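Each chain carries a letter (A, B and C) given by its place in the written order, and its residues are counted from 1.
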Amino acid sequence: MADKRFFDYKGPFRLRELAEISGTTLHPSADAEKQVKDLSPLDRAGVDEIGFLDNPKYIVSFERSRAGACVARERHAAKAPHGMNLLITENPYLAFAKITNHFYPVDYASFKGDIAQTAVIDGTAKIGKNVWIEAFATIGANAEIGDNCHIGAGTVIGRGVKIGNDCFISNNSSLNFCLVGNSAIIHNGARIGQDGFGFAQEKGHNVKVPQVGRVIIGDNVEIGANTCIDRGSGPDTVIGDGTKIDNQVQIGHNVHIGKHCIIVAQVGISGSTQLGDHVMVGGQAGMTGHLKIGAQARIAAGSGVGFDVAPGESVGGYPAIPIKEWHRLSFSLKKIAEEMGAKLKKEKNE
Amino acid sequence: MADKRFFDYKGPFRLRELAEISGTTLHPSADAEKQVKDLSPLDRAGVDEIGFLDNPKYIVSFERSRAGACVARERHAAKAPHGMNLLITENPYLAFAKITNHFYPVDYASFKGDIAQTAVIDGTAKIGKNVWIEAFATIGANAEIGDNCHIGAGTVIGRGVKIGNDCFISNNSSLNFCLVGNSAIIHNGARIGQDGFGFAQEKGHNVKVPQVGRVIIGDNVEIGANTCIDRGSGPDTVIGDGTKIDNQVQIGHNVHIGKHCIIVAQVGISGSTQLGDHVMVGGQAGMTGHLKIGAQARIAAGSGVGFDVAPGESVGGYPAIPIKEWHRLSFSLKKIAEEMGAKLKKEKNE
Amino acid sequence: MADKRFFDYKGPFRLRELAEISGTTLHPSADAEKQVKDLSPLDRAGVDEIGFLDNPKYIVSFERSRAGACVARERHAAKAPHGMNLLITENPYLAFAKITNHFYPVDYASFKGDIAQTAVIDGTAKIGKNVWIEAFATIGANAEIGDNCHIGAGTVIGRGVKIGNDCFISNNSSLNFCLVGNSAIIHNGARIGQDGFGFAQEKGHNVKVPQVGRVIIGDNVEIGANTCIDRGSGPDTVIGDGTKIDNQVQIGHNVHIGKHCIIVAQVGISGSTQLGDHVMVGGQAGMTGHLKIGAQARIAAGSGVGFDVAPGESVGGYPAIPIKEWHRLSFSLKKIAEEMGAKLKKEKNE
């Protein structure tokens, strides 16, 4: 049961209703009228609860689970324990997300607040309808905030910044020199629009290169806590529609990220690098500047990418190489070291 | 001498007293009544000052030091310069920490403040005794703050958050959807309890998975500046008692960290990974999701861990392998490259 | 054209004037009286606009550009398209920086503000002339702020902190236990002066080591968004004059960074490591503690440095080795893996 201090419970629900809202199919043996009281991980679930099996790593938990109901793939149905009622789908994670949202709805565009008396809003700023601005937020000159937005406590919206409708900007974040689309979610401590890191050399000193571009953020973008996105040096830094960025990601000036990408935590993307649509980047991966990463490319966690990546290609390693090669290399290095160690020893003795 | 603008000096002390409070033994040749005025690194210390030798890398500084007193191990005593008074212990770092605290006591649970008039505290929040809340802090509905806590300027404590006794929460940090034990130290800009990074795929779009868990933080935990800890997706994210986390660490949803662990700066731990007790993780190391890292395991700085690690095992490298193998591999790779380069060249010429 | 919501346009200018302020030479075929209306990347520039060619990777854009003017090196002049007016210099990036600043001047020391009524300034703090302090900033007891400084919204300046003249401290940042020189630029969310990460072990518990040093920041230093610099444990943490630090960099206690260094985003430098002057560190590189990195050394992006680096040396890789060796190793590993794979297969069959 989710903690009621934080989440609003809407259950229980009949299995029939959960199948409907999640787009899943009731297994022939399932009881459509079964009442489900709550969500639970499979290893802790009881007979009134529903879990899900997506990652095959958890198949043993599934086989041993006491959950009364479970979302799973057709091919795992035969392994379900006796008495478990199955909702069948090829995308259990998606279905369970919908079920979770049904039990504990979170609507970032909804709000219960008002404009705090302690917020400082410049007289020239335009504020839309139904906007919630929390304590100690500041809205600069000529900034524009769309309808149904939520601006968190202590957040700074700089002069001229434009934010679309239905955006959730959380606490203690800083937005400057940027234009944000609709339905953005920007988490605590995100830093958007500060100077890109550009210095020219003059007689052994670092001379600051003025950064006169912006950050342009599309619709339905999510940006994680303490993530930094620098504004362009002249061209803009661009984040495409539907792209989701995790915590502590660093995006340099003039970077152009396509639509519907996934960028996991602590990734660093150097200046002027371009990512196509639907690119996936694993945690802590890094890219040098001025690269082209094709659409649908996948970059493994921890990789260091120094060359362009073709559309659809998967790469890994440091320096990054095609992912299959990297797996083979990783596997063989231990053997190579042993063999070469033995060889060197033998040579020494001869 | 520590800067008096920032620290309160309580010295001088007799060597006898310093031995007592630090749990060290006076070397037979030491003068128990010698007065020590201050702390200093060995290479800068004078005759009235005390230093310490823990890392053997600094043995030359020790041999050449003019320090009047020094905390050191028995086995280094013979190398002490003439006139240096030794306090002997097998744990010089710990002893020097105690001596430092004696000269310049810092008590995070103590405070000199009050509840700032500019703080915004919801009428339903419960605030303990002797609590210091600084300017522009906000405390949400139904939040609970224990006795003797210090909440820094601009910090946001979300609705329902519960904080134990004797906690020090520094400036500009954000705590949501979390329960914190006693005697926690949470540094500037830490982000605790925001949404985990979970998206399901639907027709090429990233669909947000609701995150309905919490962050549960034990007693005596320290969390570094700008570190992020996401709340669980349904299960909780858990940080065990006595665990110390450095700056800019990223901890994903559902991660479970045991007791008395050390997690150095810029580490990233992906979702649902579990660490046992007393695990040590070096800086910038990364772990993929759903791993089990056994108790007492050690992960070298910069490693990328993709597989489970057994209790007590040490691993390093990217991808991480047992540490001894990794050191041998690192050492031999240069030779391998040379030899193979020569071989390839020869083949080419034949 | 830079967005007028954010930048003030001062153009147009004659080419003659741009040559003069940028220290470049008009190419013999160029029209000194040509009017330039704006800046633009070469691939988008029109006949009234000026671009630059520095990175040879963009030579094709240069050859195909419709830009009316361009800053370039002498050796590329022959490849300029017909009608392009050239400003010649061996440092196009620097010259273009100066031209950008001429079109859209940004002066961090200038300001248009005042001391916000909502700022909380301790009665014992000393504030210089012409200081702009934004909403919800807090200035602690005995802090000193020099002339012409700008302190951003929600920023916390702790007790005793001293800041020189002409400093720009942006929003939501935290400065404690530190002394800052003149003309510093500190970006949003930077955390300076919190406790270093030092723990001694006692009976399986982590005992906090008091951190009684400071952070000393020289003149003309720039510090990126969400970067963390811990204060010293006793000695100070020092950042030399003219050093530029990008976003999300982590600098441990007692680190000593020389003058005019460049530290790119997400770098981590462990405690007590020393960098000489003019060191360049690529993004996401890490250094273990207690190292000496010589002046003019260069550390490649993503490297993990575990040993001292000699002055002027370039290193790369994890673990880091001389850069040429690392490039050769990276190149040969694929071949090694293939060959060894074939060999192992053959042995298996015999």
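The rule is short, and it goes like this: a contact is a pair of C-beta atoms (placed from the backbone, for glycine too) under 8 Å apart; a residue touches a chain by one contact, two chains touch by 3 or more.
None of these values were measured; they are calculated from a predicted model.
For the touching copies chain B and chain C, the fraction of interface residue numbers used by both falls below half; the interface is of the different-residue type. Between chain A and chain B, the superposing rotation on Cα atoms measures out at 120°, rounded to the nearest 5. Taking the mean of the C-alpha atoms as each chain's centre, chain B and chain C sit 27 Å apart.
Contacts with at least two other chains are made by residues 118, 136, 154, 172, 189, 226, 248, 266, 284, 318, 333, 336 of chain C. Residues 2-3, 5-7, 39-41, 55, 57, 91, 93-94, 96-97, 100-101, 103-106, 116, 118, 134-136, 152-154, 170-172, 185, 187-189, 222, 224-226, 242-244, 246-248, 260, 262, 264-266, 278, 283-284, 301-302, 317-318, 330, 333-334, 336-337, 340-341, 344 of chain A touch chain B in their complex. For chain B in complex with chain A, the residues that touch the partner chain are 118, 120, 136, 138, 142, 154, 156, 159-160, 162, 172-174, 176-177, 189, 191, 194-195, 197-202, 204-210, 212-214, 226, 228, 230, 233-235, 248, 250, 252, 266, 268, 270, 284, 286, 288, 290, 304, 306, 318-319, 321, 325, 328-329, 332-333, 335-336, 339.
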